[in-house]
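To start, the structure under review is shown below, and the notes come after it.
For clarity, chains are labelled A, B, C, D, E and F in written order, and residue numbers in each chain start from 1.
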Amino acid sequence: MTTYSILIIAPLFFALAVLIGGLRVRNILTVVFVLVLAGASLINIFVETSTLQTSLSHSFHNLFILLDSLVLIYFLWQGIIKKHNFVTFFALLQMMLYAAVVFFSPSTTSSDILIDNISSIMYLVINIVGGTIIVYALGYIESEKFSRFKKNGFIALLFFFLSVMNFIVSTNNIEIFFLLFELTTLCSYILIAYRGDEISNENALKALWMNQIGGLAILIALIVSITQYDTVYFDMLISSINELYLLPIVFLAIAAFVKGASIPFDKWLLGAMVAPTPVSAILHSATMVKIAPYLMLKLAPAMSGFVSVTITLIGTFVFFSASLLALSKDYFKEILGLSTIALLALMMALAAIGTDEAITACLVLIVFHSISKALLFLQAGILEKSFNLKYVNDINGLINHSPLVVFFIVVGFASLTLPPFGAFVAKFMAIESIANEISNNPLYALALIFIALGSVFLTLLYFKVLTKLLAKDVSQEKEVHVHIPKLFTIPSFILLFLLIIGIYVIFEKEFLSSVQIFVPMILISVVPLLFATLLFKKAHRVKEYYCGEKEEVQLNMYYFDIPRNYKKVITAVAIVLIFILILGAML
Amino acid sequence: MLTSFFKAFTNLFKKPQTIDYPVTSIEKDKEYRGLIEYGESECIYCLKCEKACPPGAILFVPVENPPKNEKNKKGLKYHYNPHLCIYCSECVRACPKPEEALWQSNKKPPIGIKDDKVNDGWFELEKLKKV
Amino acid sequence: MKKIEVSIESVREKIKEFYDYKKWHFLTLNGVALEDDMLEIQWIFSEYAVKNEIVVYYAHVNCDEVIPSVVDIIPSAIISQREIVDMFGVNIEGSEKGLYLDEDSQQRPLRGCSI
Amino acid sequence: MIEIILIALAPIIGGLIYGLERVVRARMQNRKGPPILQPFYDMLKLIDKQAFIVNPYHSILGIMHFVTLWVVVAFVILGQNLLYVVFLHLLSALFLIIAGFSVKSIYSHIGANRELQAMIAYEPILIMTAVGFYMINGSFDISIIRESSPLLLSLPLVFLAFLMIIPIKLKKSPFDATEAHQEIVGGVEIEYSGIFFEFLYMSKWLEYVFIYLLLILFAGNSQILGAVLSVGVFLLVNLVDNSTARIKMKHLIKIVLGIGLTLSMINLIGLSYV
Amino acid sequence: MFDFKPIRKKSPWILHYNAGSCNGCDIEILACLSPKYDIERFGVINTGNPKQSDVFLVTGPVTFRSRERLIELYTQMPEPKVVMAVGSCTCTGGVFRDMYNVEDGLDRYIPVDVYVPGCASSPELIIDGLVKALEILESKTKEIEKPFKLFRNETNKDGVVNRRNSALKVGEEIDDEEN
Amino acid sequence: MKKTINIPIGSQHIALLEPVRFKFECENEKIVGVGSDVGFVHRGIEKACTTKFKFDGIGYVVARVCGLCAITHSMTYTASIEKLIGGEITQKAKYLRILLLELDRVHSHMLCLSHTCENAGFEAMFMRIMGDREDIMEIQELITGNRVQFDYISIGGVNRDIDAAQAKNILAKLELLKHKVLGYIDEFTNNWSLSLKFKGIGVLTLDDAYRFNTIGPLARASGLQADVRNEIDYLPYDEVGFNMQTHSDGDINARNLVRLSELLNSIEMCNNILEGLPEGEIFTKLKGKPKGDTVVRFEAPRGELMYYVKGNGSAMLDRVRIKTPTFSSIPAFSHVFMGADYADAPAILASFDPCLSCTAK
């Protein structure tokens, strides 16, 4: 059996296995399973380096059709019993279109499974980062007030999610892609609603109907592709695409926008915050939303001219506006969420540019974004569980209580913005590749400005959050360290380790020269420490300057009020851009 | 803004307004209210100045070897604290023999340092006075 | 300078009647220590753009009497009331101590009365 | 070899510029001003002072800011990738900002926050400047940019935008709200003292070197133009400093971003058509 | 080792605190910064921040409410430092001597190095005082000079002086044992 | 959890010359609450005036209430005593008193303007005005023998005379200064960065000005026609060309412009006085001890200064009540700060020209 099938099928069994069994057994099993998955993904990238193609048998296809129908029926059912008109309506619409797709399904075939470099990299992200989050979830879920079965079910669902994700990055058949797309929607629906309270349900339904739009877009793309190009396969579609008729590509791109929660489809991802934090972590880093850039990357070779420019513009615009909107937020996870949206949009924009450099940048960003975001979300979970904190403004001088968590948060933010981390390299290459394109189309200058502004806003955002964390008391006596369970911190260490490996990879792949990476790193870390050890002995400790007063002042976070109507304008602009995209592709 | 802009530019080539004190000294007007000076021999020890002085910067304190002056029956010695004086000239106006016994010069008062005991020393004198 | 004596009880009404904020400028609140532990509290006004027109309302009070506040009529009186409280140790409705004096300063320095 | 010497001397050159500037500013204000070596006296004095620390992170971050800035200057001198330099420079600014936030001092926080906001204003323009160079030379490498013919002619609007951010970086009126002595007593530097303040004081010098080095890039391979540019800009910046008041952060961002980005975008689009 | 002492007097940064003066001397300090006197010639910068200052310019007779602030600022200044009492009322209480809310001059609280008389001290006098102060600064050591009142010597375990709590409430005993 | 930030200014702060403490409660940098403490400089002068000093020396003591309007303090106190004792002083003495009062106003306004510029971050303007202010300081030193504490006015007249040569010298300097002031007016109205900093910032409306009983340039900048020089007759202000200067905007810019036009008016008055100085004695010996009580007001640079003096016929007074300009304006200050940006606070503060030293006495 090849590794990909292990990656797809094994998690299903793991899911069943963890359902039963007590706490200890489950924990040990889970850790083992995660190791297996991580190992498999590593083997896949290092051993099986060639591209791999296979087709699945006819009975598989029938099974998929059955599954798909079941999923759609489930959606319909949910829409009806939860009395949600959107969900019902979209489910019905999807059913009709899906019937048409199955009915008209063309006879030409290609391989159903296609594993290339991009897939291999996605495996790594999904299994290693996702696996780490599952380990973390073990500790997290124990502190919730669920029944034993529901707790185990949570872990099982996460494994199932991994399986679906592994499959989705392996498939070449758009029909199967649609099924898996709907399955991720289903998973996220169940996970978001996991707490079962009112807000959870509401947000789950929101996520459902928004993602259904994505499904619809895929179905439309499928129908157009069948009628125009007579194929349901990515590779055939891309190779036979006509520059003048890019409609299927555009609709698939819209599906990507939906999954990537790009503005104006951003509501669902922010709503997903109500779920237990590991869900947010896994949605934001390793799974779900990563479908978006992945899909874009798959479509990249087919994009050209107008579509490429417009998608880049949309992407960079969303990058800029999501960062801007995040500035006014206070809820820690929401800040992280908006920054995910921003970075996903950037990834999509990079994929749409389609030059080699841009694609590399996109991949690098996918990988490092996953690691950093996972790290940050884990800290968000720790904050909730160990400190009962959700709002940034309440985190007063966290460094006095848990330097470790603050360290992880700082590293998380730094790795998203600063050299020599991967996300920085990606941004760097993004600017370079866009700069290259300006001479082709001046509109890229606008995209460049969006990127420049967006990246500054993101930096501002991250450091604004740090405002609250860092203010350290002068007196050491006040420090009260809060104990944090090992299961919470170990996954963070793993992610940190991954980040460091990342730096090495960046060096290895020569994205940056050794001078650029190591000289500053060494100087910046070693010299100050030397000085510090030399100087601290003689130094006196004094209080801060308060104009001679002794009374302490109140420090709080700065937030940047973004006027309400900005949000509306931004959404409107995004919608208009998408319509321009569709219209442009049709004309 | 442009006026300031050009003003700054022309200033660049002008001689600055600064007086390089203390290298170049600044001549004090002869009417400047500087140190209070005392002519011991002319004083009639009426103590009007002491009473008139708002902060009490003039003290006549009994000492063992008083200055020789037939008017000085109580054996007093004149003390003056330039660090307490507010240079208001009220003593001179009160003095029956201004310009001879007491006058205000245009000299700058001296800078004191720690060893001068400008404050503590004066407390001692005040104590003497009270006794 | 016109001095008008009022009783401490009626002072609020009198001032309310009299005070037209566009015509009269409220100067300040003043206290004078009198004999026998009595205080004279003065509310001093001047008229805008008229030469030498000063009106003083005054009331004689005992040291421990509660003095009504006029802040709702004359918002700017708040600070002079606080000053009088500090300097004379009197009790004016709604005015706290401590505008000038710290706990360990000499308290109510201007009050003539003993204790 | 010459580069190594230059790198080693960078702070000293910066100190001299700063000293000269203090004299020039004094003269513009019609007064005599300090000796030209004054910054070095200050520096030596600070070494000799008793040093206070508020907390260790704060002090270390201050030193890191200085070291990073020196590395930035070194990279510019060595002719490294300009875009990388811009981001490394961002890193150094961020160290300062984190340092500002790492003490419980309100002025330090306001200063750090303003520093962050100022970043919104200058960072995009630095990036646009780098991209402008890239579009002409096809490379971000400073050594290549130095070889090319004077870029001022093809990037006049980008140059104007760059001029606008100089006062921000050098803390000059009208864009000196980040330091704003009368409001926040120096902002982030407030809690530093003695030798720790020394590093911040000297990083100000390095900032001068950095800005003037970038400025000279506009002259390409023409050394005369480079000299003219630096002297001209030096005078201009000081004259403007002495004829304007400090404007507020929000005005600063609006003005610099609004005008600067428009100018540089027009310039870049223009380049793509030429 | 390199001798820093001569450098000290070339870069005196000042901190100004008004401990209850009448403003007369304060505006004269401001006038010292003006173009006519321009004390930046001596390298003076008015930092307004005790942690970066060398010369403490105090005006006023130290009112009760200023006391704790005065000490707080004094202890936040790193050594070596000099204290200048500017104006007659700062030296000895001046016209305010014996008033109930002041206590006869600055040197009741902190060690004063230079007394500048005058009411108000003219800029020339202040410059003279500054020159004198710089001479004294040159000869100072880095020993901590204690304020006289409101001060408790706080030593950490490791022998490092803790300045944080040095200013205490009025009335607390001064620990004389170390002296 | 509150989201506001507390930003203190004072008691020691570089933008302040005096100890005063404001605590701004800010949302980001927008001020939503103001707390203040103005009692740092309380020394106990009122008490000392009734226990420590005799009435004829108090003129020099109350001058030390504040160094900036020292002359107004001596003047107001002296006028109260002269009223209680009775007796006229000579016309020449009155003119010389006005001369010094107005010179003091000129230097004080210039200080305020320069300080406002400094706090608005315009160092060059600060230096320029401070440099030009030295001319006035020289004139004052020439006339009185001291730069700040003039101790010029005593009960019965003034302490020194002016001779013709001095008068000529002063006139020439004033002429120069007038041109400089015209230059400032140009700068204050036309500088782009100053208009961002001053126009529409720190507005006090006319109604609020009435309601809070504000005085001095602060009130006049809001359009309140109140100037004590217009409401008294102890000094012949009408004869020397006094004109009330008002503005209607009530913002920092208006305050600056009011001060600038008052500068011109004061210079003009000084010119008139020096050119039409009557002959005669400068001092009349007044006999007697103060008895009874009186309220006397004068216009200090910052507005109305009021003394209430009560005597009992002996050398010790019963009560000296000093009500200083800033003291009256304090309630208005807090009001103006609300809603402003913290970045504007130092400039707004300086534009009030607060003098806490006399507020707390």
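Rule of thumb we're sticking to: a residue touches a chain if its C-beta (ideal position, glycine included) is under 8 Å from a C-beta of that chain, and two chains touch if they have at least 3 such contacts.
These figures come from a predicted structure and were not determined experimentally.
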Self-check item: Least hop count linking subunit B to subunit C through chains in contact
Solution: 2
Quiz prompt | Centroid comparison with subunit F (C-alpha atoms), farthest chain | solution = A
Quiz prompt | Closest chain to global C-alpha mean, per-chain Cα centroids | solution = D
Exercise. Averaged over CA atoms, how far is the centre of subunit B from the centre of subunit D? Could you give it in whole Å?
Key: 52
Quiz item: Centre to centre, by mean C-alpha position, how many angstrom separate subunit C and subunit D?
Solution: 58
Exercise. Please work out the Cα centroid separation of subunit D and subunit E, and write it as a whole number of Å.
Key: 35
Quiz prompt | Whole-Å separation of chain centres (CA-atom averages), subunit A against subunit F | solution = 65
Self-check item: Per-residue multi-chain contacts in subunit D, two or more chains
Solution: 26, 28-33, 50-52, 106-107, 109, 181, 185, 190-191, 193-194, 242-244
Exercise. Return the residues of subunit A touching two or more other chains; collapse runs of consecutive numbers into ranges.
Key: 474, 539-543, 545-546, 548-549, 553, 555, 558
Quiz item: So which bits of subunit C are touching at least two other chains?
Solution: 100-101, 105-106, 109
Quiz prompt | Residue ranges of subunit D in contact with subunit E within the complex | solution = 22, 26, 29-35, 38, 41-42, 44-45, 47-52, 181, 185-186, 189-194, 197
Quiz item: What residues on subunit E touch subunit B, complex-wise?
Solution: 35-38, 41, 88-89, 91-97, 104-105, 107-108, 111-119, 122, 124-125, 127-129, 131-132, 136
Exercise. Can you check the complex and tell me which residues of subunit C touch subunit F?
Key: 1, 21-22, 25-28, 30-33, 42, 44, 46-54, 56, 74-76, 78-80, 83, 87, 98-101, 105-106, 109-110
Exercise. Would you mind writing out the residues of subunit D in touch with subunit F in their complex?
Key: 28-31, 106-107, 109-110, 173-174, 176-177, 180-183, 185, 241-249, 251
Quiz prompt | Contact set on subunit E toward subunit D in their complex | solution = 4-5, 7-8, 10-11, 13, 34-36, 38, 40-43, 45, 47-49, 51-52, 54, 76, 78-80, 142, 163
